[in-house]
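What follows is a structure written as structure tokens; I'll ask about it next.
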């Protein structure tokens, strides 16, 4: 199973987020409490907004826990918007172009889950991608195709609506192929100004997703944590699994929801409803 | 520029073919005399027919000249049919799934050259691939798509005709997109019983291709060479560049030709004519 | 924690040993039942005796479970003496020269365990290595230094005596540095004619080690297993953890023992006693 | 042959230094004009002073020209002191711990050249390293041993004197082994406040080394160059080969010299004289 986390808020060193917490994402890559499999050793990636107009990516096919460059680089990156992902492949090759996050222009995308029967529906799905976007697909994962479908359906204009149409299309195509329960996903996406997160599965039993309690409250409850003292009140994390056993720190996102965290820390959450409209 | 070689004939250790000759393929990967670029350091691969029904592959994204495993493995592989390829990427990622040779069932395929404007015609080309075969495309290269088009057009039944139709389709699609001189290729393919090689370019100035003079003649002219003494009279090599400066050893394949070498060492050569028939 | 296995006997394809068994070594690299850590994802290696005078090595820094080349190569290697090792680093870098098995001339060596306080005693240990051998040390692990000490003390002439002196020296040096319980090891070594295995720890609580029940007996008890039918009666495996839950198939090696399995399948086991003689 | 460059001065993005110049270090890694070999494809590394007390490293065993992470990371690193190195191995393995720059505490070190007969003198040289430092040697190169000898002889106190003693010791040891012309080197080292560079070979025919003309002069002569306009007048580069054909931009360092560039841009150059004093 894959795991991921997002951070937005006060600029901090990436290593503070990735390596310092007990039960950090890197620890999780070796051992998971909630995951179906216990290791996410099939590559990793981080994406962040820093210098220049597009986010930067650092991805590797080595296990995250072994990558010395990851430690070095994250000790130097100070960012206010970070995506991080550790991968457990379900069959597609372990290669850089299959590692999350994926990037298109200013957009980042990462995913935990999968499309059931992807091998059988892949052609129908990729031919539904905007022909202008099609040649930019670099890897061979279902996660990247889902990203390109969302881009096709207007991710840049209305992210929740675009993802609802993308998921709707996948469910429609899979229905035609007689595939049940086709979509399982927790997704995060960003354009650098806000972070959108989605928890959904066709069968209604989605993988876990949590967001952090607001920092002001946490500072009050846990004055002992050094990381908290670095963070301003608008800082927020979204994670597939809680980073540490901190009472009161993590709120579960309910089934079939999408949420957004904006730069000012404002957040909202809504029901997620796949839209079966095809490409009309 | 990529380079490749094929060997068929008496079983020999792969290292005899890959490392021993002066100006071997591995040497060529560092320095080329005929190539447009001087280094083919963007991954490599070998494929061979040995145990079991399908050929085996050993591919890596490291430069061939550095790969210690390549030296070890080729010191242990005794084969009567070997493909080897060193890659110089023209832009697609350096990842295992983009390394040649490609494999499908019993078939191997490797390519030096490219499809001009591939980014623009990629969608039209991959949607022309047999939908049954489509999900088996693993990488992102033009070379692999050409392979899958050839498979679509009957590579397993009539290899030269299938490649002529695949190239014809590429030229047709590129014509529609206003792309001139779309195809540049020297290709080798095999099903384990014979090796087919192709030299063709739309513009009529194809990259180099050579086949070895028959071994009986060579043994007579060059009694000093230890490798030759290991080879039976049916052994034959096809190479993008001559492996050593051996007078009389290499015959150039003329422009727009395909040839075949069979297990009994019999060989023939014919004119290559792209067939513009679409998928009728 | 590392895991390893040896096989000697009837020539079989390496994949039969590495991938086919339930709870194979490759499965163990992802999940272990007996190990202190659950993942051995920090590189792997296999060594085997085949063509030529010295054994061949195939090693990689990727996790074994992901390495497509490992699957390909082991589907083609037919060998009567195989070593395989999956690594869990305890701190030294994940690089090919730190992957087991190590090789020197005809000798292979692999190790599970460690030398306590190695950082502090490394200089004393490597300066005890025969100056002729010293420059051949390629990596930075305690396991390789132990191998070179054994070579220094006559591994080629009398393997058990050489290992007893090597371990004796390590314990002596560590004593001088005030390090308690310095050695923890299960070791396998071979020259291609026999396999020697060692189970020892200074504290007397060594990691697990098993050898397979003789094949004739197993065939009688388990006529249902296809692998067994391929094996002649001299075949024997030694493993850090049983490969499958086969009642009666695995015998535990007791504490502080060394054993040897010869080409004719004959095996013997003796007490292991570190010899504190220095280099006199 | 290896190549390297150092930059000190106005903070700039590393990509401006590594990728933008015509005939940049990355271009040089594929093709060299002055080098004995034309490819430096055996790994690379960069080191820079940024966040925190010690410099950061990013090193890889892939060729620099292929490494997508290198492009990404250098687009985000703004630094006032950068080391970069592309490696051409002369035999030691291509592994991260053999890639330059090497680091110890605040010190970086990189080297082009070699110690003749290193295999034969390695033991004598590493046993001359301070026993406290010895276990920190991570790789197997002559370059790293030279670094540790310099550290042993007081690199942190008086870099030129320490390097003169280290080189003196190497020449002394090699003399005893009957090795002629043992040292060939251009070396750069830094503690984050200044950059020291050395050009020396025992035979008196050292590899090339250049430093940049002062920026004020260059801006006057070449107002057309965008990189120059970003640089303050204290900026200075030292390179094994000129980065572009810019008349008047590069000054050759004469034979047997060391130089230093300080944070304020002040530079001086002196004769380099190996000091044969042993470890007295």
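As written, the chains take the letters A, B, C and D, and residue 1 is the first residue of each chain.
The rule is short, and it goes like this: a residue touches a chain if its C-beta (ideal position, glycine included) is under 8 Å from a C-beta of that chain, and two chains touch if they have at least 3 such contacts.
Keep in mind that this is a model prediction, so the values were computed, not measured.
Asks: Which chain pair is joined by more contacting C-beta pairs, A-C or A-D?
Replies: The greater number of contacts lies at A-D.
Asks: What's the distance between the Cα centroids of subunit A and subunit C, rounded to whole Å?
Replies: The computed centroid separation for subunit A versus subunit C comes out at 41 Å.
Asks: Two or more other chains touching the same residue: where does that happen in subunit D?
Replies: Residue numbers touching two or more other chains: 68, 93, 96.
Asks: Touch graph of the chains shown: is it line, ring, star, complete or other?
Replies: Graph shape, chains as nodes and touching pairs as edges: complete.
Asks: Using the touch definition up top, name the residues of subunit A that touch subunit B in the complex.
Replies: 93, 95-97, 119-120, 122-123, 127, 131, 134-135, 137-140
Asks: Inside the complex, what are the residues of subunit C that reach subunit A?
Replies: 30-31, 38-39, 41-42, 61-63, 65-66, 68, 89, 93-94
Asks: Can you list the residues on subunit D that touch subunit A in the complex?
Replies: So the residues of subunit D touching subunit A come out as 13, 48, 50-52, 56-60, 68-69, 72-73, 75-78, 96.
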